[in-house]
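Okay, so chain A shows up in both of these, paired with chain B first and chain C after.
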Partner chain A sequence: MHFAGVDIGSTMTKVVLIDKSDNQLSCIKGPTGPEHRRLANEVMRQALQQASLQIDDISYIIATGYGRLNVPFADRQITELSCHARGVSTLFPGVRTAIDIGGQDAKCMRIHDGRLISFVMNDKCAAGTGRFLEVTATALGIKLEDMGDISLKATKRIHISNLCTIFAQQEVIALLSRGEKPENIVAGLHDALASRVAALARRLGIEPDLVLTGGVAKNIGMVRAMKDSLGCEVLVPEEPLITGALGAAILAKEIYTKAVEAGQVLPTKSRRLEKATFFAEEHR
Partner chain B sequence: MADEKKKTINRLKSMYPLRAKVNETYLKSVEAIQAGKPAVWAMLNFYYGDPVLKAMDVEVVYPENYGAIAAAMGVAREYLDRADAEGFPTHLCGYSLTTLGYASRMMKELKGQIPPEAPLGGMPKPLFLMSSAAICDARYKWFQALGRYMDAPVWPLEAPIPGIKEFFIEGYYGRMVKLGVKHLRDFVAFVEKMVGKKMDWDKLDKTANLMIEVNRVWHEINELRKVNPCPMHSRDFWSAMPAALFLAGDLEDSLRLYQDMYKEVKDRVNSHIGAVPNEKYRLVFAELPPWHSLSFFDKLAERGWNFVIESFGYHPPIPLDLSKVSDPLERITKFSLQFLVGYYEDARKQNVLGGTSAYPYLKYAKEWKCDGAILHPLISCRSASTHLPYVSDMLMEKLKVPSLSIEGDIVDLRLFNPEDALAKAEPFEESMEHYRKVRKQEGLDW
Partner chain C sequence: MSDKSKGLNKAREIYSNNSQRARELKAAGKKIIGYPCVYVPLELLTALDLVPYRTCGDIKEPVTEADRALPHSFCPIMRNCLDCALKGKNDFLDGMVTIHSCDPQEKTARIWESYTNYPYFHFIDMPVTVRPEALEYFKSQLNDFRKTLEAFTGKKLPKDKLEAAIKSYNQQRTLVRELYELTKPSPPRISGTEIVQVVKALTSLPVSEGNDLLTEVIGEVKSRTDVPEKKLTRLLIWSSTLDDADIMQVFEDKANVVMNESCGGIRAYRAAVKSTYDPLEGLASYYLNEITCARTFRQATPGETGKDYARDLQSRFGYLKGIIRDWKISGAVMLLVRYCDPFAFEMPSLKDYFDSIGVPSTYIEYDYTTGALAPLRTRAEAFLETISQ
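Right after this comes the complex of A and B.
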């Protein structure tokens, strides 16, 4: 028996395949993008290829993430909060607080025995999300993935407003024109985002172990800034992008196994890997 | 939202004639102006100035309520844009912006004519405006601005708003009552002068008693909602409340309608009929709902979410025997104060001292056996937002009831995303399930 979790995030699509013993058989990440959002089938095809499996080998598939309704072959949709909580607690059984900073939102979760017990989200403003770094990286003329290493060279940390991404972008341009070093600005940007997310997490109450996930967790400068802002140790998975997809796969296994043990047959979707279509196209 | 017309909530039949009281109020105010009678714009004042206006046969409309109506009927946007064009900052109260936009359109563009697109016949030009600081701190300035557009005098009806600790200073209550009665007496003199006739004190006496009785029955209806399944959803509460809260329409008629509602709710209790088909979760809602997106609650009802109790600010005062108070102004003052301070003794015992608005939510969550609280902080309203983090903390600390905070606005639908809010419902159910177990472990009985 094999199980799949598909996480369609705002920036990246992730697929994780596991077997009945939770062994990870494959893990594929690809950009979501406006067109890719409907191409979950392609990411799944790559994941199957990596694991040398066929789609019919997958007993149960769960889709999560903001694009979870665009996965026609998924048997069930579960919200990213629940999937992240399960994925993180699989990797870190002692986790009590998880923070996921994605391209579109930031989620702070309290977890108990692998289950989500409370959460808060920043979902109305880009200033508390990965988008804040994307926009300001563009203003600095540097690659997003280079920000972490650049920030380690900082000789001072500049205070930058975390109220608004556009204000921060203008501030960055002004600082550059004043001759401020990019590494100092980047360090300031990390502090700005970290303090905003830390304030959100404090609203929920922070209890260790604390795990940071999402694309932003790949940035070593941000991890340091989060440690400073939170005042506690921050654990980061080896691959912080896939916790949602992993959690979806684990939940798929649990739901399926429970049904089998109860003698129930779960309804499943057609195992054809088709591109998602949208309402407007179907009725054209 | 997709599928806007799908209705899951089992609405009360007796709610509809009470909801129609709002329409009646606005139409009467327009008719009054056409017949040369006085009409007034008033702030929600919690049973304080309303009985005086009612006894003086003055038709009253409420800009605050009108803001909600404009939002619910989908016409607020035009007035918001107009207020924006007038130069009012967009972060001001959504109700105030809507009515300032309305006032600008009516007085500057249409030279005093009611805008043809205005819902429920619109608000006519008032003889005067009555503002009130009860609960909301922005109301004086809002009404002063409206008064400038309307070229009409504004009477600020002062109301003492003590905190819980101050209230228990010896002699405090007596001084509050004295101050309240004095303000009301001055207000009566002002209204007499504006309307050109003397107060009929017997009529005021009768009006005050009817107001108290209407609110007693309304209170009893809400007490019936404690049962499982809850027979009445918050949507019915919000629809039915204006006749008790704003004294909308004829009070004798309203009393009969609330008595009808009591019977219907009681019948549902006896027959175990709930307001949602399969009540799975019981929730308290705080504070003001997103009037422009009320079908959001139908979507949640499909998941078995029943909103069994809501904002303290809309609920009637805890009943108080005022039958021995002979002066109607003193009776009115004590009844209005009771709205504010009726919970204070219990709040002090429980050591929940966060202003006036936090303790009722603890009482509600416990007595109405709520699984969760939906908090709706409003981007444009301090009064309905600043206490919510404290409410959330108290609910968790004392009752192990989780809260979900969904930001939005009462009027500006651009600030509320129903789909996003609905996406949080599923994980919040996990949270509610978890804390059900925790409450049982801690010996709480729901």
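Right after this comes the complex of A and C.
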């Protein structure tokens, strides 16, 4: 028996396949993009190939994330909050607070016994999300993935006063023209984002162990800034992008197993890998 | 609207095209008066043979025109309502009654008046506390309102006609409460989405037609066989305004919303206007004291509760306890319209109150646009997953 979790985030699509003992058989990440959102089948195909499995071998599939409704072959949809909570608890059984900073939103979750008990998310704007770093990296002319290492060279702390992504971009340009070094500015940006997310987490209440996930957790400078802002240890999974997809796969296994034990047959979707279609397309 | 349409179908049609009846009545010689908020005492309009029409927003309408008059970080509902007015969607109105129910209403009223050209425009200055002095002042404001209406229509407001109007609206309140009795069973006999459509239809019709519609709907719902599907959670939604069926449907995809405690639901119908020698007295008391919108400051006086937070919460939110018991509520959503300060400031206390009576609750913010639907869905579903797993 095999299970799949498909996490369609605003920036990245992730697929995790597991067996009945929770062993990860494959893990594929790809950009979501405007066209890719309807190509969840492609990412799934790659994941199956990596695990040498056929789509019919998958007993139950759960889709999660922003694009969870656009996965035609998924048997059920569960929000990314519940899936992250489940995925993080599998990797860190002692977790009580999880913070996920993605491309479009930031989520803080309180977890008990592996289950989501409460959560808070950022408002709809880009402040407090990965987009804040993407936009400001562009303004600085550096690569997003280099920001962490660059920030470690900082020699002084610069305070970025604007939390709005657009205004922060202007502030960065003003700082550059004043002669501030990019590494100091990057460190300041990390502090600004971390303080915003930490404030969100404090609304919910912080209890250790605390785990940071999402693309932003790959940035060592951000992890350090989060530690400073939260005033507690911050744990990071080896692969912080896939906790949502992993949690979805584990929930798929749990839901399926529970149903089998209860003698129920869960309805499943067609196991044909086809791309999602949208109403607008059908009417064209 | 087809002649055959009745009950829920008729409510849905009116909801989808809610100015049609007002336009028909206008063509038949009636005078139509707009109002943006349920705090406006419609009884006075009806008693003078004027037709009240609630000027609602439309979440599908992108705000463009209101941008020249109102700031961005401002009540999205009032921005939307004014936008619709500036685009001429209410051009059939003969007048408008606005009210200081909250600051955005007051600010928008001034702008509405200066940007439009209705033959009648009035602003009611409504106090924000429930003190006896406030009641006296509000009554005097209603008296001024009466005088402006008399001047506009050129006729005196007879007491018996006002009393008859009060009776009709009280009947409407009774009928809406009766409708909400039908969400008590599990599954409910009527969905929260259907009720949103019915309540919006009521605010677009003369009171007698609204009461006829309610009677039809109640009869149909009592005998229907296609009741809503039973979901795991019975939700209470507490909000300033939840008057859009698409927004409601986001919640109802995964839960039964059996109580909509907002002005798109039961809020303006939970009590009745008391019979008083001076009808304005009963009206003032009802509108100031009985409508449970956060715009009114209700903290108990120190003499009543001292610094006893639990008793203070009880005095402010105690009415919800009976609802939670009688409607077997298993979860509560505090749905905040962005930038709505009066409701935002109530949330931490209300959260404490829900915690104290053991009802799981969450807080979700939305901005009254269709763009809000996807983020709203994630938050709503995640909350439902926490309570039904």
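Convention: the second predicted complex is superposed on the first by the 282 of 284 C-alpha atoms of A that agree within 3 Å, B and C clash if a C-alpha of one lies under 4 Å from a C-alpha of the other, contacts with A are read in each partner's own complex, and residues count from 1 in each chain.
Heads up, the rule we're going with is that contacts are C-beta pairs under 8 Å (C-beta built on N, C-alpha and C of every residue); 3 or more make two chains touch, one makes a residue touch a chain.
In this text, all values refer to a predicted model and were calculated from it rather than measured experimentally.
The superposition on chain A brings chain B into a clash with chain C. In the overlay built on the shared chain, the residue A:112 is in contact with chain B alone; chain C does not reach it.
Legend: residue contacts after superposition of the two complexes on their common chain; A:78 is shown touching both chain B and chain C.
Touch criterion not met for A:178: it reaches neither chain B nor chain C.
Comparing the listed stretches 3-11, 21-29 or 129-137 of chain C against chain B after superposition, the clashing one is 129-137. The residues of chain A shared by its contacts with chain B and with chain C are 66, 78-79, 81-82, 115-119, 121, 123-124.
Contacts from chain A toward chain B in the complex involve residues 66, 78-79, 81-82, 112, 115-121, 123-124, 203.
Residue ranges of chain A in contact with chain C, taken from their complex: 66, 78-82, 105, 115-119, 121, 123-124. Per the touch definition, chain C reaches chain A in the complex via residues 338, 362, 365, 367, 371-372, 374-375, 378-379, 381-383, 385-386, 389.
Across the complex, chain B meets chain A through its residues 389, 402, 405, 407, 415, 417, 420, 423-424, 426-428, 430-431, 434-435.
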